[in-house]
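Note that subunit A is present in both complexes that follow, paired respectively with subunit B and with subunit C.
Let's turn to the complex of A and B:
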């Protein structure tokens, strides 16, 4: 096993030969077609909550660039969300078009199947995509449109794959949708074609969405090691590469809890071993590279990896030094809803920032153990990420930085806290060795802004009035999303 | 390290000694050779046609033949320019003090509404849902609604919960009115708790319909004792009062501007509803859940005003009817006060209804804006413009463009209906500058692409979603309407009144001048424009 080193290290977890199909208690829901399991946490009515299962499936699959992504539902499901996903493509831009059947009253009463059929055929003929992915939403699911049958027929007629993605919003949370998106790939896409050639160093990257180009940032490192990314699931992916993911020699799940099940299924069905890792931070990147060597079981690759790691770590340490000096003593609170909590903790630590608390809302017991390893036993874990608690924790811990997703940005600003976006709306790539430097530079830039000094001071005519920053008892619960 | 470094806020920027430390800008980073090669290598996975074939197809897709095919499209919408009903309902609810927008349905829709509104207004947006799941789909959403309002009250302490519905709740036929009654019986809501509700199915209508339905629900609930026979004594207060209905207004500056303008006439204003402070609150260290909104008592008193002035017509249809028929109050049905003549007409209507006069200060302000127009007109006159957006904003903008001598060429209004078409037609055909315009309703951004590529324009005015089209057509985009995600603070300015006309003029003419400079040969790069 890799990386069972000191507690301070970001460890890489390797899937055992027996597979981790259950993925332990780690997973809140299993990988079946239905996301509904007794253990699957359901959202609380009346409390603000995040996106739906359809949203999750779109996050997982929309990055496939040469596919037409058609949302079957009323106008809003895609009308309120298109062009906001942050996954970049080096080639086709088709995935950025928002296609929807925009169901009307007539379709709701008489069924949306006819309209869907025509829409798939129109999109297939008009844009000649590599495939059409059809996303189910709540309304057609409720009225019982047979999306699978329509996809089958349309595929026959068009001569291209038409993939049903059955993750209606009410099926569960965004995480459940990530998983259902992965399940759609496994059922309909993976294993339907063979790569023209294979190498002993073919790997899958699962759950890496090329946000702000992070996948591109990692790829040169893998190239240097001679590791070939056979399938990207799904950042900057093309449809073809998904079809042969089963031929990889290893999969890496890139800090995506929800897609562990896809990796596990690839192992149980096709014998592809996998490990979980992250490319955020110096230590994590090194561990991830070592993870490939470990899982591929190649001592020569392991040697090459050590050489590259040593060289890169030395290079990046030099670049980081001035930032680490400047960032020493800076305290940060991280809140990502938990999915990326441990990986971002490690990355922030590598920049010299002290992480004083982190969110664990969606973290598994494994994640929590890992976080404790990184932060020490008395780290503050934020289980309920509402703005009141977040801002209170920021105040009590003396943090000057809140690192969180975009929807917390304006909350942070009202609380006069410097804000670092670590989710999909950012425009900086933080992965790999150079990504850490970019992260350090961005934090330094944010903290150096004179704006926060201005915003924290009362107007001069009110001098002496103590600032009431972060101290409002009426701050609401749970509105962070 | 100096003392300044310790006080981080004053420490300034890091001196990047030499290239080794330089962090490349995101736009430059992936232009590096290694990334360019990496991207090129991906082409083998794409079964990509030759560059020539791609070019040829692209060229064809920009032509008339494809335009015809594109407009024959029926079952599929590509790049929609329309939001859905409950999003409008959420915005309406945010216009009232202490009001929590509550959407009855599954959770995903409301998560989208919150980010959508947040990205435009750059503010946190509170809104919750019933979080309906498969159980609710089978058994109905009553249990979710009861639990939801109870939780929402406990967590967020609202004075009013404004309930709208998603498509899901509408499809399974949930009776929200009955559920609210059940919630009272179950003790989840105190008897008489203010819980207006509106049915907002998005498979009909748009965010404008949803806005109107929620406004209507709130106004009817809060003024249920109003009667058309109530006598209004205009001399009652020291100053006459009118109600202003902003409608689905993406500009928080508008409400402040209309209040300022009418104050100069000596008219007091009650805004129904005022989301300007809710979605533009000061950074004072307090995070308030309900930082603004019209006080509910002011709404209850609204039927006593002299008249109501809607700034939008299409997002206030039912509400205007309520005011006219149930309150018995005159409604000043003027064109959206965008541009000079529309503002003139609005002010005269208000002056007449309230028995006030337009003061010299306002006349002087008007004169200054007209002066500005005369300064800028040479650059705007004759410019062909494509306009896309919601009906009232588009109608107001068209009126102003015609005043400037610009030539509206393609008018695209996805939520527009026959009334919009008639109004736009009348407006355009009354002016020589509008004679060539074509009006499109129900069409999407992909249609607009065909329009501007087959019949080119000098300028596109509309939401951020059009930036790709603008780039492809190589014309500038003036961000306008909703949503604007990618330019800052435009929504904080007014676009109505004389001040608003000046803002619009400034954005339009300076965009044209930027473009002029960008394309100018060296000898034409004049310093004076």
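Let's turn to the complex of A and C:
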């Protein structure tokens, strides 16, 4: 918000190729390295949570809409995960289809390469994708299928790119998979073609997945500034635009620690400068827009940006005022990891909600510093939140809202607490200035439900409980009277 | 009678099949204070948990031995034992169910040997399954067999006269399981239900949050499962489990969907109990027969396509055929003996791409499938009747019943209503030109 003290405000973090080590640092816990490096904790048997590297690579790459995404592995890998992600496309829908080799015992004994080869050729011929992405999983990695060789041969035969994504599940965490997905693009896709023309304002968005259409909340802002998104990596992307990402004049890494290394590599190999930011919240959005001007080094763009920022902040402030009044005093516990933890804290604060605790799983020391800046030194930071702990923290802090990923929705419901989905499965878009208003409206709507009080009330036949009516039922904005 | 055809594509497109480990997890979630532990890399458990959570809208207890590349190659036994100790300590389960996966299968681990190294802690059962073969049904049934082998007391002549053991199959929803048990109880029979999801996955609000589900078959009931006067299994894959409990006396049918199959279930229970069919059940039968008449106008001659697990496939085909529908295509993920007896020309072992192609070719007006069928139905411009697993884009998956007179009636009306809602009943005016103002 404009005008309010914003302790978390920092200037945009501009990266450098030298920042590569830092960027990769927390995220290199993948194949081979994890066992050797003490900084890469292995998941604890019996107390593990979170997806695998394959899952992470799919999150990063499956949004590419005109590509056939083929999972080489047993049925479980794709069978349990297809149609779970909320990335939208403005055109092709091929990315939504689940292709798999569905390996069987026979493939383990004789190797899965023959089956994979036939599968790639069949998909390439029948579905005519712009490219085929082949995802490695644990079983073929274990038996040593040479996925790269199969992809090379199939590409030659089909005449379209066939890209190996080498992020077998057991190679690391979901974050490691995000990074390996980015690495696959750098190795096999980026730099393989040229755009028909370039402008001084061509940029890449890295780590923006167009969940529920968030890209479409951001793009109009960039249009107004005359900034052209050359490559979307990867929300609503088409294969072709990935191939010329190296011609951008700047990259923005959107809420993704894991993909910082891709940005850093684009800088060191092609000289594309980058910065890191977020589109969640008013302050972050303004920072991000300024970041483009700063990294592109264009004073005239900087002036235009200031004008747009001032106008948008004023407009959004007016729209948020009624929500901020209504949501004042509402306490929320946020549980999401990584960069998103600080940017979501800021976004929730913009709506007037008080964030009393937040998760810091997967957050870097830098993220934690930012969170402390936003929440104050005595903010409660949740390292690892199992459902029981989350409910305890909610109760102890007097929160009435749990904002977290879909897997914790029913934790909240069982604890009779309102829930806001802030992860990839959600159906609401919260990016940019309009996204903050949408977020405020959604919180207002969710909190207006009378059920959380109602279900706490004992039934009338329970001993010693006087019956009472609900106090102050909330009515969402726009529905009063 | 149907011909069984296996789809022969080199690639699976939009899979209908679920992994066997998922089926095993599903079975174990119907056992009281049981903690399922996938012997796998952590992603397998995370993804399965997300899917089960989305379908049941419950927090699902599921852990993993969290294998890394290194532990997979060098030997995963220590990780498994450590995982067992951790969940025994943290969740305090009364039973730990270890479920193997394709990864340990491919690595050639001797899991049974590893488990023999345990000296203390809660009992452990092992479902030795793999996502390299079979599907939901095979995994589920292997889990039930493992429970019986480890925990049921041997049959030694002692039998509890008024007790029946009911083995609900993988496609029964929690409220189907309840319907099955109530039907038996209506005859004055006491029931052992294994597994029993009716109070664990049914979606109910407990006073306090616990990492394990409430409800489920108590271990004491599993122990007594082999001492019943009769064993009834509703699921063709449960024939082995039934035999383990009752030898050749076990009664196994693929389903109890539709008038005929519900009649068979009720008649069998009447014979077991040695009693008349109670009035309440007879009345439900009269509601179903009335419903069949009411729905006949909507359903007679309608062309329907089914993409479901084997037991549900033949159950739904039976009911809709009784109501006058034509099953133009039936797609199922895994083969099963009873499919040949289905009232359609062919049954295809395939995926949703096969389902979409054949639904289009057959001119079907309704598709019955899980939420994964929604995209195909949308492309085809026909309604989808959601049934099976997973149903994630509608509320109340637990309540999608099909078993017995009551469940059949619900399903019948749901199918007819989908067609009623989709059909534009207004006649289209002819396009011939006419004189003067319209």
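Note that in this section the second predicted complex is superposed on the first by the 429 of 481 C-alpha atoms of A that agree within 3 Å, B and C clash if a C-alpha of one lies under 4 Å from a C-alpha of the other, contacts with A are read in each partner's own complex, and residues count from 1 in each chain.
Everything below uses one rule, namely that a residue touches a chain if its C-beta (ideal position, glycine included) is under 8 Å from a C-beta of that chain, and two chains touch if they have at least 3 such contacts.
The model shown is predicted, which means the values in this text are computed figures rather than measured ones.
The superposition on subunit A brings subunit B into a clash with subunit C.
In the superposition on chain A, A:240 makes contact with subunit B only, not with subunit C.
In the superposed model, A:152 lies in contact with neither subunit B nor subunit C. Of the two partner chains placed by the overlay, neither subunit B nor subunit C lies in contact with A:395. Touch criterion met: A:130 reaches subunit B, while subunit C stays clear of it. Of the two partner chains, subunit B is the only one that A:444 touches; subunit C does not reach it. When subunit B and subunit C are set side by side, the one touching more residues of subunit A is B.
By the document's definition of touching, neither partner reaches A:304: not subunit B, not subunit C. When both complexes are overlaid on chain A, the residue A:324 reaches neither subunit B nor subunit C. Annotation: subunit A residues 42-55, 70, 73-84, 96-105, 107-108, 115, 118-119, 122-123, 138-139, 141-143, 169-171, 387, 391, 406-407, 410-411, 413-416, 455 touch subunit B in one complex and subunit C in the other.
Residues 9-15, 17-19, 21-22, 37, 41-51, 53-54, 57-59, 63-70, 72-73, 79-80, 82-87, 90, 101-103, 105-107, 130-133, 135, 205-206, 209, 211, 371-372, 375 of subunit C are the ones touching subunit A in the complex.
Of all the residues in subunit A, the ones that touch subunit C in their complex are 31-32, 34-35, 42-55, 70, 73-84, 93, 96-105, 107-108, 115, 118-119, 121-123, 138-139, 141-143, 168-171, 174, 386-388, 391, 406-407, 409-411, 413-416, 455.
The residues of subunit B lying in touch with subunit A in their complex are 1, 5, 8-14, 20-21, 23, 26, 29-30, 34-35, 38-39, 42-43, 45-48, 69, 73-80, 82-87, 102, 105-116, 118-119, 122-124, 126-134, 136-137, 144-145, 147-153, 155-157, 166-168, 171-172, 201-204, 206, 281, 283-289, 446, 465, 468, 485. Of all residues in subunit A, those touching subunit B in their complex are 36, 42-55, 66, 70, 73-84, 90-92, 96-105, 107-108, 115-119, 122-123, 126, 130, 138-139, 141-143, 169-173, 212-213, 216-217, 219-220, 223, 236, 238, 240-241, 318-319, 322-323, 325-326, 330, 387, 391, 400, 406-407, 410-411, 413-416, 427-429, 434, 437-438, 441, 444-445, 447-450, 452-453, 455-456, 467-472, 474-479, 481.
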